[in-house]
Amino acid sequence: MAELHLHPDRFLPTDPATRAIARQLLDAVEASPIISPHGHTDPRWFARDEPFEDAVSLLLWPDHYVLRMLYSRGIGLGELGLKAADAGPVETDRRKIWRLFAANYFLFRGTPSRIWLDHAFATVFGLEVSLDAQNADHYFDLINARLATPQFRPRALFEAFNIDALATTEGALDPLDHHSQIRDSGWKGRVITTFRPDDVVDPDREDFARNLDLLADLTGGETDTFEGYLAAIAQRRLYFREVGGATATDHGHPSARTADLDPGERRRLFDRVRKGGGKAEDAELFRAQMLTEMAAMSVEDGMVMQLHPGSYRNHNPWLFKHYGRDRGADIPRRVGFVEELKPLLDRFGNSSALKLILFTLDESAYARELAPLAGHYPALTLGPAWWFHDSAEGMMRYRRQTTETAGFYNTAGFNDDTRAFLSIPARHNLARRMDCAYLAELVASHRLSPSEAMETAIDLTYRLPKAAYRL
Amino acid sequence: MAELHLHPDRFLPTDPATRAIARQLLDAVEASPIISPHGHTDPRWFARDEPFEDAVSLLLWPDHYVLRMLYSRGIGLGELGLKAADAGPVETDRRKIWRLFAANYFLFRGTPSRIWLDHAFATVFGLEVSLDAQNADHYFDLINARLATPQFRPRALFEAFNIDALATTEGALDPLDHHSQIRDSGWKGRVITTFRPDDVVDPDREDFARNLDLLADLTGGETDTFEGYLAAIAQRRLYFREVGGATATDHGHPSARTADLDPGERRRLFDRVRKGGGKAEDAELFRAQMLTEMAAMSVEDGMVMQLHPGSYRNHNPWLFKHYGRDRGADIPRRVGFVEELKPLLDRFGNSSALKLILFTLDESAYARELAPLAGHYPALTLGPAWWFHDSAEGMMRYRRQTTETAGFYNTAGFNDDTRAFLSIPARHNLARRMDCAYLAELVASHRLSPSEAMETAIDLTYRLPKAAYRL
Amino acid sequence: MAELHLHPDRFLPTDPATRAIARQLLDAVEASPIISPHGHTDPRWFARDEPFEDAVSLLLWPDHYVLRMLYSRGIGLGELGLKAADAGPVETDRRKIWRLFAANYFLFRGTPSRIWLDHAFATVFGLEVSLDAQNADHYFDLINARLATPQFRPRALFEAFNIDALATTEGALDPLDHHSQIRDSGWKGRVITTFRPDDVVDPDREDFARNLDLLADLTGGETDTFEGYLAAIAQRRLYFREVGGATATDHGHPSARTADLDPGERRRLFDRVRKGGGKAEDAELFRAQMLTEMAAMSVEDGMVMQLHPGSYRNHNPWLFKHYGRDRGADIPRRVGFVEELKPLLDRFGNSSALKLILFTLDESAYARELAPLAGHYPALTLGPAWWFHDSAEGMMRYRRQTTETAGFYNTAGFNDDTRAFLSIPARHNLARRMDCAYLAELVASHRLSPSEAMETAIDLTYRLPKAAYRL
């Protein structure tokens, strides 16, 4: 059996002198508290603080990176225990599911999933051998036994992970009951929400009309006029701030397109999408206009705005029909920012009151569009390497392609953006290592002094994410 | 005169400790047999086993990489001995042509052509000085003398190169006489064909109508209805498998667009392109539909499907008119896969019975589209770095940009895709070196254990290409 | 206070053996004369040879890289002393402006601006501490004192910088008075102009019609017919060659689109744009046609043609309205070359008489389009990494992504493209270092011999730019 050992110099540069510099930088930031300003963990965990069920439901099922890789190699989601209408037999023996995963763990060689999982196995569960078919049962039994103990409850892990602040993400209609419960519980962990209004902003959703009715009910207002609709959204934003501690909004749009129509056009566009059955391009235009409306609200209420464009959601209709969202079938595509953001920037780009954090799945935009935009407009900040690019190579490409034009100080520090709670320390640890690796290269090639690199490493780890999210 | 020396550590990482790891990996795979599942060597060579003519006709004329570089620096193709109607004088003195090439060999510094040629010069011909104007005659005489000996005949070289299987590529109408001859000869070398139906699938070709008539004649069927046409193609696929040992098809389309029209639309579209003179977009739509038809046939007959999109063929009309195809004037352009492949994937993407190997000339698609697609759909596999990117830097970019999302096991190993027979060992050697270099970096930065890297190196070299092509 | 020390090995590879190779190469080229064939320094400086005013007006105001970074972090251009109509208060105390810059100098960590400025501070002014808030006054006083001395006048610096030839850029209507004055002065410094006809070629400019009237006046011809217009332009090209010593033209177009309309269409298109108020797409088509016309003239008169496409100029309308051009609000966007250049290349691509140097802000085109085009067409040469990519990482990406397909000898050597005179030695020094770093990697990985690398380093530094610009 192979040893599971997290080498203290993992991911650092291979050149010994450069590695030594990186090591010094890392020593200063590795133990820093975690700021997690954007993610998708379940607030119910921290509200109820019940034990996690078992290894499969905690580590496999919520992790679309794991599901997608296994699925790509011909392993059916039913074999992994996921239930579906009309999609064949479902494995219910959790141990068998874990064994299947273990036997295929080699597929993750060279991927961030492997890095994150090994980190959790070693640091959270104290495992000392590398997962494979032979030790699958040892893993399964040990993990399940640990999860049943008090030190492995959500709040205990939150504290053990040294998390300063953790943001979850909720839709505009969410009552935020879990966040209320957390606040009322007297527990000191800072779990805040993020306002994600896609459900009431995207006319392409089947439930759009119903959601607007619910929005009216929830706010005691009306959503049959554009003015009423905007007022209802503004009210929900206030609710998210007051009840959920939100400091940010998040917008997951197919493209980065924005619009700034004149008042009459806005109203007519709203009327068409409110009723349904308008022109084909109405939905895209409405989403575009709504980004500008959200920016306007952010200028007023101070909420940081995040834009996550460019994912083709649910690309696989068969999988979507049988297994639903977030199973690994979201595929990135080309995204443009220069023309697309212009209407919004024409109105608010010169305002320091707006803080718009941009993400991309299209890395070709880093050096060409995003760094030049963020290196000019006061309103813009670059979010970190996102999703598929939240990886050793991905983070290095991000720094190499953005720093020379945007600098370090137009970036937002790290986001883990995960629903896999146990991967949070691993992801932040990797981000710190890659930042230190990059900074060490700058020092070793005499582009930055050691003391500047040290200050920058601390800024990237702690000061910048706090400032970017107004935490 | 400069020494020609293939350093045993060439292309490996420069950091000494990382290089030592790469060296160990390479020792395990460098001498492995060559699997060459996609290429363009001439089957006549292996059927007839006649001596190659001389250095110029073997090493220069079939190599569009060499022609394009010389041409780009103002050297006319006539000066290189290529004949053309109305394009000026043609040099017929082969020695003079070779001298011209030798005097300009410095142009290839830093290019893969230089790597491939030096490898052939040193390992095939035993040359010990680096080619330049001074030793041009020495090269010319020595190469020509060797080519006249039995050890330099095609089959002897095939065996000396340790080739396990070599695939050529033939059009749908090819009688496969050379392949029959090879099989009947009793020679043990495995030379198989690949079914490339572009000539009967692409309505933009001037000979499309004539090719469909020939297809009807050849199969004894008819190609005036869509059903008859598809049946005729299926029959040719069977012929290619039975007579030529084909396990794969290959499709060289301008884009990756696919379509899945309803039966009536398909028939009407076929009727229009069969007659000619339909709508402007018919040709693209027909090619798109035919990719889906080919996938359907692959699901039936088990042939692996390869898609090579994104080359603007014959970009230079003057050159095409005078010198024809494959002279170095094919230029890559942007390719999208996400929307384009969706119709085909909607039908067959979840099927492990389909094996569709994707290539690209647009590297921006690696991390953005191809790795995410291959890391989700069971039907998809990533082909290796292709054409212009079949190079030291190109292969390293490929691994860096695909591994973290697709892993190693959704990739197909290496293809040489060459018509330059003598470059085959060089190309595979380089691919092995770059894979070992990449794996060594993962080991040196503690992302992979040495034993995992070793197993992966062997898989990439041998097991994956055999599996990907069902060899 | 931190020491300001330009380490002799800065920017070279971190691996010690590779660094030693790079060092040897650099020793051979670091002191070579500077060829600066494309830039935007002010010819008035060399004509009048008056002292530069002070640190702020010399180092901050003309440097849009510096302005954009400060602006992006919320520092108003008024705070930096830039005047604007209706844009709030303007700081007039130069010392206060310098202090503001110094206090924010940390923003430039990791950027080329930092590299260029530190180089000028150390080598031009002899400063020995790194700029920060504490030593702002020391910097300000020392720089201003030096600028008042004869050794810091423009011509003295030009000579101290060891500049062989420096090209400025002037619009088609410029009288070239400063160039005449330089020539008449008897000073030996070679300052030449470049013909940049955008003002008389781009119908989207508000002053287009007026410029054509001026062009008629200036040439004594007429610009109301296409023939007269072309003749007037040809005459200005002659004037630029004879009076300004120009060897090149430069074209800053939104896209790389070219056209080759038939004579009747050309005339009708000209008539429409001459009168104004034609079709919306006329301007783009006219610019496209004019690139081909310029190529035709270049074939006749031997002027090297430069194409700089893909910048969205003045993306920020508020900033443009108040502060005008070149304040850091030009944003790159996607550029295609394959279809776009085809009409021009169909006419002139096979001609060695045309020399068209291509630049890009869209690095995804390097390996996909530009290197393949330049590695085939005799008329094409690749310009260096441009603008935002004129940086350590940017230049390394350029070599890595272009060399394998285009080789070194289809590239033009380095351009500084700057209006920041004091940054010229820094930029050339950095380019030499990055080329030597890249070549050293090739040597260390046994892809190139040491003597070939040495010859190539010298070619890239001196021979190639001289040849590319026919200097």
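Note that the chains are named A, B and C in the order they appear, and that numbering of residues resets to 1 at the start of each chain.
Everything below uses one rule, namely that a contact is a pair of C-beta atoms (placed from the backbone, for glycine too) under 8 Å apart; a residue touches a chain by one contact, two chains touch by 3 or more.
Bear in mind the structure is a predicted one, so any value in this text is a computation, not a measurement.
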- In contact with subunit A as well as subunit B, sorted by label, we have C
- Same-residue or different-residue interface between subunit A and subunit C, half as cut-off: different
- At what distance in angstrom does the C-alpha mean of subunit C lie from that of subunit A? 40
- Query: Where does subunit B touch two or more other chains at once, residue-wise?
  - Reply: 13, 15, 364
- Task: Flag every residue of subunit B that touches subunit C in the complex, lowest number first.
- Result: 2, 6-7, 9-16, 68-69, 71-74, 106-112, 114-115, 130, 312, 315-319, 328-329, 331-334, 361-364, 388-389, 391-394
- Message: List the residues on subunit C that touch subunit B in their complex, please.
- Response: 13, 15, 17-18, 336, 338-339, 342, 345-346, 349-350, 352, 364, 367-369, 371-378, 380, 400-401, 403-410, 441-442, 444-449, 451-452, 455-456
